[in-house]
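Report on one structure; see the data block that follows.
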Amino acid sequence: MKRQPGKGINGAGLGPGKKTRLNRILHQHGLRNGTAIFLPYDHGLEHGPRDFFDNPVVSDPAYIIRLALEGGFNGIAIQIGLAEKFYWDYAGEVPLILKLNGKTDIPSDAEALSPLHASVADAVRLGADAVGYTLYVGSPAQETDFRQLRQVREDAQRFGMPLIVWAYPRGAAIEAKGGRDSFYAVDYAARTASELGADMVKVNFPHPEKVSGVKDAYQHEFSPQQAINAVVRSANRTLVLVSGGEKAGDEAMLEKTRQSMEAGATGLIFGRNVWQREHDESIRFVARLQEILSKYPQAGAPGA
Amino acid sequence: MKRQPGKGINGAGLGPGKKTRLNRILHQHGLRNGTAIFLPYDHGLEHGPRDFFDNPVVSDPAYIIRLALEGGFNGIAIQIGLAEKFYWDYAGEVPLILKLNGKTDIPSDAEALSPLHASVADAVRLGADAVGYTLYVGSPAQETDFRQLRQVREDAQRFGMPLIVWAYPRGAAIEAKGGRDSFYAVDYAARTASELGADMVKVNFPHPEKVSGVKDAYQHEFSPQQAINAVVRSANRTLVLVSGGEKAGDEAMLEKTRQSMEAGATGLIFGRNVWQREHDESIRFVARLQEILSKYPQAGAPGA
Amino acid sequence: MKRQPGKGINGAGLGPGKKTRLNRILHQHGLRNGTAIFLPYDHGLEHGPRDFFDNPVVSDPAYIIRLALEGGFNGIAIQIGLAEKFYWDYAGEVPLILKLNGKTDIPSDAEALSPLHASVADAVRLGADAVGYTLYVGSPAQETDFRQLRQVREDAQRFGMPLIVWAYPRGAAIEAKGGRDSFYAVDYAARTASELGADMVKVNFPHPEKVSGVKDAYQHEFSPQQAINAVVRSANRTLVLVSGGEKAGDEAMLEKTRQSMEAGATGLIFGRNVWQREHDESIRFVARLQEILSKYPQAGAPGA
Amino acid sequence: MKRQPGKGINGAGLGPGKKTRLNRILHQHGLRNGTAIFLPYDHGLEHGPRDFFDNPVVSDPAYIIRLALEGGFNGIAIQIGLAEKFYWDYAGEVPLILKLNGKTDIPSDAEALSPLHASVADAVRLGADAVGYTLYVGSPAQETDFRQLRQVREDAQRFGMPLIVWAYPRGAAIEAKGGRDSFYAVDYAARTASELGADMVKVNFPHPEKVSGVKDAYQHEFSPQQAINAVVRSANRTLVLVSGGEKAGDEAMLEKTRQSMEAGATGLIFGRNVWQREHDESIRFVARLQEILSKYPQAGAPGA
Amino acid sequence: MKRQPGKGINGAGLGPGKKTRLNRILHQHGLRNGTAIFLPYDHGLEHGPRDFFDNPVVSDPAYIIRLALEGGFNGIAIQIGLAEKFYWDYAGEVPLILKLNGKTDIPSDAEALSPLHASVADAVRLGADAVGYTLYVGSPAQETDFRQLRQVREDAQRFGMPLIVWAYPRGAAIEAKGGRDSFYAVDYAARTASELGADMVKVNFPHPEKVSGVKDAYQHEFSPQQAINAVVRSANRTLVLVSGGEKAGDEAMLEKTRQSMEAGATGLIFGRNVWQREHDESIRFVARLQEILSKYPQAGAPGA
């Protein structure tokens, strides 16, 4: 299986501000080789504090930011409230990805929509290096979702701020067509983010074996590697971050990581798989991920 | 059967900016005789990557833009994300039609609406020569649809940007009245676009034999030529582009093309029928289309 | 004497809109080799109709636009009033450079300032491919001048519209320091336009022999070639257009042209030297200029 | 002497709103042959009531509007205050030209500027068919003057409202260069209005014998007919209205009228020469003017 | 002589965005110890190309940016035109300080004012880490100067963008009171920048021996060290950068550097003293400056 080429940040479409900030994230933090591991920490809003029960110290945002620093992450993704209260203490030490929308998981997901609660201007003011937006691909609420994303994209373009889209298949129609992590759904989600202007897209690892109700083209046998290859290709020049999702077995996560990087992904965005462990164990696990990423340097490095 | 006259771009209602940009599309690219073939490439959003499975190279937007250049197309129609990332490399080589709205085909079509995700100002900034808007004629969501289109039309008028309307009959009521490609539905859609301010309208080729549930006037025997003649006439000074739709037999497509041009259409907008083939075969098929269009020069040429 | 390299339009700083429009001007009109000859026609405002007395037909803007078409010019530079009334008839046939400011030569030049009378938005609406702004380098009115230019530059950046600065040394201090066409003054003017964001700059050919009152660095013997070389270098990535100024001897103009192109200039902006002659003589003179420019193809051509 | 052709209103640059309103003025009032006589009545502001002393009834705006109706004028030009108080009674009976700027003649004219006191939006609200703006060509205040005019032009374009510029040479530099009604000054003023976007321009009849201080090109012997021919040509597609100025001998005025129409002017704008007489005498004088204009029908009539 | 403490960036008044960006400049580039050497390159506008004559390669902005990279500078300070055209190629490699105002040195300096030609929003868009503003302390134009600075300060606060003030005593009154580099004038300028909201201030090294016309308090004998100590103290929490000014002897510059750092300055902003030499010599000279700065680590480093 031939490795797919990485994507880099040298496309002129990026503009100087986006290129500056992506260069900082990808080449001046973490492994500094064009790959990235982000630490997302929006679970307190998205799931509630239940995600912190097994390891209560992680309910403290300062603990998480320090973990990002110690682990050599390329950025932390948090909501406006935590950014306002906690980022100053570590300002500039680790890139900030300001998550601009979010929701609780209390009401039904059938017409999933993640409302905006912060702006690109907030991100500029806080010194963030990117903004994050959750798009629920396939949701009946897509009119509002697209309208929100359009405003974010325009502001991000105007301010030279990279836009990372959390592209999540969601809603009743998705559940009827293979579910949210089917190859079909993840592939479509990656492409949608790219078509709508994402600079990076966060996707779940695709499951090609989930074929019930999916479109014909996906009703075939695909290996996980073939599936993630296709997803990265569908995203074209949009850089791909693979999500960790719920905490799973380490070896499975490492294998997914290898496959993703082999497919041309830029890196990972791993939350629960990292911080739902004891501190030193978190650091050790990140080191194992970085060991894999170190084998996949990307274009766009200084002098490249 | 007497050929209907073409329409040209010399109506003073166009204003200098729209005339400049249409002149460029129709007389400075492609056959340069006032006809046009556009290459649409919004399928990644509208259908998902499945449309690219048979010929995976077409999932790469750069391949498509190069195909448009090699084939001598009059323009490519893409969404904002691909335009931002890929058009710079070919800026000005082939006219850009920025598609301003779009949707996934995951949720139900019963209340079809294509949300805006870009603006006419984006099109100006990117150097586009036209904007595209999908109007779902007959959809229960027409209030929002018309409100969106009104904003686009006003901006297009203010910036001198030609407005191409993808006029698609859609929604439960349409399905009950002959379906989306009945003569009745296509004819009504063409007229609606014209009444609401389109400079060009993209329609499907009308099917006069689909009469179940259509209005009385359409409950008669019409030849395909009569039907497309009527559709072009309904569009009056709005230039007509005939859509290729799903990939179909070559001879059928060529015959449709001949009938459309005979009726006074300006040209074609063919996506899957072109790029769902191997590269050289795509080029050869386009050449056959152009051979037909070369027999139908339109008014508005330099010196006309 | 080693020829200096041309500049081209492939710098990522241009953005897709500016690149599209410059590509059109430089590679889809005129010689299509990256060089340019523009026909300026703002003399009716800047000098009054007296410039038209020797050849009254040139007081008719339609004559001038046709001359630009017949002569194969890369663009015409006119004020808003003529653009509104005359460009429609030739919309898109020859690129329009909308001149955004201008003044009469009736009041004193001591505090020269060229007031804005049109906007970049007007240029977009009219289908123009560039805007022109006259900057009076060295004038005591520089505060207002810079403020006006800043607005134009921001709008041009926002709309992807190339900005051509007419960089004219002017005012009492300039007259005391070598005059408006000294090497010192022209070199400084070219650099100022570049520092303030011009995509192209129009300068007079520098006179290195005018040394009375100029800064020490210019108090040396320089050949005309050395002087124009330095001016083009001072402009760095800003493309240089050399002005014809008052009608002068043909051989002198051709020699200036050769020297300018040798220095790496992009082309010429010749008004009175072209249209203050009988029609066929104008065309013949332009052909001689083009013969020179054809030897200096620039980077940035399609496929480059 | 060959008669110069009239200009008409069929240029596409006008847009539908301007064409509608000009068609109303030129073809549905007065002689209905494309010519025009306007009745200006801004003297109460520009000179003060002294202009009304010889015939006190003319200080009553209602008298003037009735005079315009009885005399078959193509429009009255008045300031906002009189328009607000008097036009309702005759709304639509005679076209209203709302004069948007004006000044008293009390302070010095050296830096002449006519401040705005109404807007194009006021004109729309009042049902006016055109707006008038006084531009002091050659005044040192040209920066402010051009800025004001730019706003008026943009609004007029946006609202489809014809823009009539009162182009008056004025200021110390003009006095030093032949004075305000020299051929040089009037010719330059007509051109300036055209370059800055006037649809019609009001000029004084040029005096070719005033040559002291004028540019060389005007230092020759020109007949009055040659001079007015040149002025109309300088205005190109901008329609020319010749001003009556101070009351003068009837035969002289009629001769000027003949020469102006022969030159291709659209008509007259006569105030004091009309209403500084007894009522019936005013009407008789207008009839003599119309007799001349009836011999010069202009293009642009309905069906033309 | 007791060394004065450095200032660092840990004051909460900074806000997270300013702290992030200052942290990047001071601790993630150059020596990474809280000190800084900036490379200013606005001489093409402020003095004209004559500053480049001795070493013509420095007229190329790309050369200068590469010099900043090779020399390990903490930032380059350039105008908008060069930033737009050249920064993309090196985006993020070296911090960009966008200079927001500037002027030519052609007209008289008596009422010195540096007009704005770019905005803080431009800086955000380009990915800059600070903005620069030249304040002419003591100029009669201070009303306009303060109004401009107020807008910049407000925008900088809103966007979290550090504000560096070039505090230059200037104007007729300054010349009469000790001149632009007297201790009195420099001390006053440093304080003025601090009082008006500068995050950093660029000052010339003070000359305590220039006492003619200065206020009594400065009419005493002060050592250069005492003078620079006082200036740094006057700036309080505003970080101080000492300017190199015209090229001078190396030993003198190194001594000034030592004295400045001893006084608690943050670093240097050296243009002509660096780039008006041959390339390798520039690098060697910077290394000698850095050797000094390495002895003065400042607070605010990671973990501080």
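Observations
Which chain is which? They are A, B, C, D and E, in the order written, and residues in each are numbered from 1.
Rule of thumb we're sticking to: contacts are C-beta pairs under 8 Å (C-beta built on N, C-alpha and C of every residue); 3 or more make two chains touch, one makes a residue touch a chain.
For clarity, every value in this text was computed on a predicted model and none was experimentally measured.
The fewest steps needed to get from chain C to chain D, moving only between touching chains, is 1. Where touching is counted per the definition, the chains common to chain D and chain E are C. Centroid distances built from C-alpha atoms place A farthest away from chain D. Chain centres were defined as the mean of their Cα atoms; on that basis the chain farthest from chain C turns out to be A.
In this entry, C-E is the pair from A-C, B-D or C-E that repeats the interface of C-D, since more than half of their contact pairs coincide by residue number.
Inter-chain centre distance (chain A to chain C, centres taken as mean C-alpha positions): 48 Å.
A separation of 39 Å divides the Cα centre of chain B from that of chain C. Chain centres here are Cα averages; for chain A and chain B they lie 35 Å apart. With touch defined as above, residues shared between interfaces to two or more other chains in chain D number as follows: 12-13. If you sketch which chains touch which, the pattern fits none of the simple shapes: not an open path, not a single ring, not a star, and not all-to-all.
Interchain contacts (touch definition given at top) occur between A-B, A-C, A-E, B-C, B-D, C-D, C-E. On the side of chain C, the complex with chain D involves touching residues 42, 44-45, 48-50, 52-53, 56, 59-61, 79-82, 84-89, 102-104, 106-108, 113, 115-119, 122, 144.
The part of chain B that touches chain D in the complex is made up of residues 12-13, 15-16. Chain D contributes residues 11-13, 137-140, 142-143, 145-147, 149-150, 153-154, 157, 169, 171, 173-174, 177, 184, 187-188, 191-198, 215-218, 230, 233-234, 236-238 to its touches with chain C in the complex. Looking at the complex, you find that chain C touches chain B at residues 12, 15-24, 27-28, 83-84, 87-88, 91-93, 96, 121, 124-127, 158-160, 302.
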